[in-house]
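Across the two complexes that follow, chain A remains constant while its partner is chain B and subsequently chain C.
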Partner chain A sequence: MIERNRWLNLVTHLVLCIGVVVIVFPIYLALVGSTHSAQEMAQSPIPIWFGNEGFTNFKTILMGEGEGVRNQLPVSRMMWVSLVTALCIAFGKISISLLSAFAIVYFQFPFRKTVFWGIFITLMLPVEVRIAPTYKVIADFGMVNSFAGLTIPLIASATATFLFRQFFLTVPDELAEAAKMDGAKPMRFFWDVLIPLSKTSMAALFVIQFIYGWNQYLWPLLMSTEERMYPIVMGIRNMTAGADSQVQWNLAMATAILALLPPALVVVLMQKWFIKGLVDTEK
Partner chain B sequence: MASITLTHIQKTYGQGAKGNTVIQDFNAEIKDGEFVVIVGPSGCGKSTLLRMVAGLEEISKGEIAIGNRVVNQIEPADRDIAMVFQNYALYPHMSVFDNMAYGLKIANKSAEEIKTRVDKAAGILELGHLLQRKPRELSGGQRQRVAMGRAIVRQPQVFLFDEPLSNLDAKLRAQTRLEIQKLHRELGITSLFVTHDQVEAMTLAQRMIVMNGGVMEQFGTPEEVYNRPASTFVASFIGSPPMNLLKQAPGLPAGQILGIRPEHLELSHQPHVGWEMTVDTVELLGAERLVHARLGSETLTLRLDASLSAPKTGETFRATAKEGCLHYFNAETGKRL
Partner chain C sequence: MGPDEIHVSLGLIILNGDKKVIFKSKWLPWVLIAPQAVIILAFFFWPAAQALIQSFQQSDVFGTSVEWNGIENFVSLWRDETYLASFKTTAIFSILVAGLGISLSLILAFFADRITKGAWFYRTLLILPYAVAPVVAGVLWLFLFSPSVGLAAYMLEKVGIQWNSLLNSNHAMTLIVIASVWKQISYNFLFFLAGFQSIPKSLIEAAAIDGASVWKRFWTIQLPLLTPTTFFLLVVNTVYAFFDTFGIVDSTTRGGPGKDTAILVYKVYFDGFKAMDLGGSAAQSVILMAIVICLTVIQFKYVERKVNY
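Right after this comes the complex of A and B.
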């Protein structure tokens, strides 16, 4: 819709600006906060312009040593845990759902519909709902405090399976038949034809699932009882929840900034693919 | 090269009483090196038949043999056939070269052999300068040629074509028709070509199979099919405008249908000779004129030379049929008498 109207332009810009301020200002505060010392951050009002402790703060939390750090592992370790978890979840989800969608679309087996609806129904059962029984199962497998425990229960994904199923349904049957005539066995067809065609959908899903994995909080809260397996989101929480001493806001802010970076980076780098994967219909 | 033998082929979808039989007791033998066209209206089972030969559909009953080998239980890739699909089914993410080479790669041919074969096929089809392009960068006609190239590189015993020209525009279709004919002359590979277009069927076929409702109506050369249609269905399906089929005509015994091709009717200038009819409409097609007329309760079409003077709408005139150009059919079975 194109409408040329001065006032309308002004109003739309105003709304956009308000939106940007609401989102960006807290991030700005966190960034400013991460460049001050703990004392300065304890004052009121808190500073709104950059200080000069930034380098020290980031070094402190990344290395886990220096003044004012309570007994905790360095943030770099937490970021590593988060990164591995998020990557495992994203890649795991993509590969599992690709395979299950392939099975559902291209093979005739008994109870195919039932299986599909079974997968679909799990949409109603995210981890939060089934957290107690899932914990029991994973704990009995001895997977507490391991990457396996952090990722495996989150990997099965009805959404991704559904997305790939819809995509596969749009691939003309003749393509599968042509591959069959060319002598390609099903997995060869999957690998040589379907995977290259699904590239953009995979990229879009990767962005979504990476952020989903990175932001996991509730599940690691149960799964990680040792500090070495804390993801960064839990780390922030622990820093701001010290009851016995004053909260080191400067360090908490720096950690928050670090926690923001990887998902933001993924979105920025994969933006083009992401949009293509969600809107593109060219095959 | 090989012949194709179809014996008592039947295709049924579904089980038991609810089963839907789309092909009924189909028998045909296609000779080595022959170009056979299967033609029929949509839903007559012609594509299903082709897909059974290809191995993409199961055969409910009967036997299909390619050469001397019964292929019922053989995988499509091992039947030594190649197929050109209606929408070409090119792999969108592969270059033209890779599209043609894919089957050979799977068959573990050496890189040199693949290159030689693809280059040869590309040469025949004049695709040499397009080998590095992706299918979406090609025009419809070029895609069609790539699809044929993919079939050629496999050096199969049998070519199967599933309406490969229906996505092309009229001009390109005529041109591609000629190319396919030329290709068949050069390679001499047994070909089975499915189409719903009677012009394609007439021009391409050495012999043609006319199908209707899952049953073969006639199997013969285009001349036989046109000049001696085996049933009223064939008579009305082949030829444009179709043959006039009259249930009632002067001197026609009951229980018979009389067929006359529009071009076999001529104006009669002598009084009391021929049938008297009234003109409904006249269409000018350039070189000829179609006159739609009524004879009693029947309507029929005449195809007259446009240079001759023709009766005008509403006029009555007399017309006679050329000698030996009348066809008689049984009114109940529709079969030729």
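Right after this comes the complex of A and C.
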């Protein structure tokens, strides 16, 4: 800090505190809401301090049986679907991007530039602008209601490919030279030199892509027509879809907490890599 | 893959370069490229081409007959008042989301930059919404503003405002703007904070010695130096408001009341999957594609300028 100014320091902390309170309040209230009974949550104003029904609520939704749920898929199954989807998307994106970047940087082959720009153009074709025809392709492949359908179409990644390409370009040529002198095959060099060097970039991408995968909504909305393939973000949407007064807010809020907990943990625990991945790669 | 990814990549492709040391193989690079290439061809290029073709076709509900009808689909979109209204809604929504999101996070980042102690604490809490899915963000705010039990709705009633986002379109718009801004603040905040921290401390110190107040230093030094970051965030936030807010709209207002919060992406989905108007939906997709391409080009040019800067 440049100067000592007590008044300014006070304002600084005050503004930040207000910011933090506003940002955290909806999450806090969801947490509070998940610990009350349906009756307590149906009156206005609702309680703003924790109740005693938390255990019951979480057990009810995780098992999918108990008061307030009718033939509902257990949230534990939805979380499983979300987890598998998020992990497949994150690892899928990282793997195929590493391979593509390796090919583009370390080989000369015809149409190399075309391939590069082909990958670039995918940035301009987000799923939102090609919804119906993409669905048709999946349906023709018979991939509706499968993990393959939920993940494979989403694992192409221009971002990750360019990030790794950029990183590989900074790897000293001497390393590849030495590997070639030792008679190492390209794939050996890839596994033994490039992969270990790329660990930080991989961690950064993992955070961003895990969150991206876990939070997918529009795609599963098309892809999962059977309840058993619902990810948790679809589940919570369905729990709050009824008339305002009929929503079981205590259960909906417990589901919301479970839906945001895994990505929030990933962001907080891997904060260092996350910020690096988000901000540094942009520069 | 979403348009939210655009930001990361454009900075990376500028630095073009070739390795001097390369491996030689006729087939290996193709094998390495294959997984990505197959996915891109099957799930990106083919469907995008289909959307382009369908936008010039008319098919009946059962899909049994398909005929070409030129730019008919686009003409009827142009004549469709609900589509034009959706454009207007999207424009208002994007301006509000980008404007509010950028200014609020700029303020937070300005103060967070001044802090030496406890910065980690504030930062950790401020980046939480980034992890929250748009749908979940929508549900959290829906709960706060629920007309029957919502705490915010209850407080508003105390000051004489009958809040009901199901009936009042201004209320509905306010709700989706708040939820969208809330979710995006983390992202903007991190970029602004990085921007503030990259400004040399010596510059600020020199100005302070010359007697420039905190306020003056912000306007004359920090803000001008943050122009590239701000412009970049403007594009990213517009893309976000256009495309990534589908979940927020679908979980809060579902385009209602009436069609008053039906942004373009919501309408494409609704017309294609609920109303089964494939030609019309495809034409809308093509228009959206054009918008993404424009935004990408704007950003691309801007990044080049930043590199020369």
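By definition in this document, the second predicted complex is superposed on the first by the 264 of 283 C-alpha atoms of A that agree within 3 Å, B and C clash if a C-alpha of one lies under 4 Å from a C-alpha of the other, contacts with A are read in each partner's own complex, and residues count from 1 in each chain.
Going forward, a contact is a pair of C-beta atoms (placed from the backbone, for glycine too) under 8 Å apart; a residue touches a chain by one contact, two chains touch by 3 or more.
Treat the numbers as computed from the prediction; the structure is a model and nothing was measured.
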item	value
A:Val20 touches, of chain B and chain C: first, second, both or neither?	second
First (chain B), second (chain C), both or neither touched by A:Gln271	second
Contacts of A:Glu177 with chain B and chain C, given as first, second, both or neither	both
First (chain B), second (chain C), both or neither touched by A:Ser97	second
Partner chain(s) touched by A:Pro153 [first = chain B, second = chain C, both, neither]	second
Superposed model, chain A: greater residue contact from chain B or chain C	C
Overlap of chain C and chain B interfaces on chain A (superposed complexes)	177, 180, 282-283
Partner chain C, residues of chain A touching it in the complex	1-3, 5, 8-9, 11-13, 15-16, 19-20, 23-24, 26-27, 29-30, 33, 41-46, 48, 95-97, 99-100, 102-109, 112, 115, 118-134, 136-138, 152-159, 161-163, 165-166, 168-169, 173, 176-177, 180, 186-187, 189, 211-212, 214-215, 217-218, 222, 233-234, 236-237, 240, 244-245, 247, 249, 252-253, 256, 259-260, 263-264, 266-268, 271, 274-275, 278-279, 281-283
For the chain A and chain B complex, residues of the former touching the latter	172, 174-175, 177-184, 188, 192-193, 196-197, 282-283
Complex contacts: residues of chain B adjacent to chain A	54-56, 75-78, 81-83, 85-93, 102-103, 106-107, 136, 150
Chain C - residues contacting chain A, complex	1-9, 11-13, 15, 17, 19-26, 28-30, 32-33, 35-37, 39-40, 42-48, 50-51, 54, 104, 107-108, 111-112, 114-116, 122-137, 139-144, 146-151, 154, 166, 182, 185-187, 190-191, 194, 204-205, 208, 214, 232, 243, 246-247, 250-251, 265, 268-269, 272-273, 278, 281-282, 285-286, 288-289, 292-293, 296
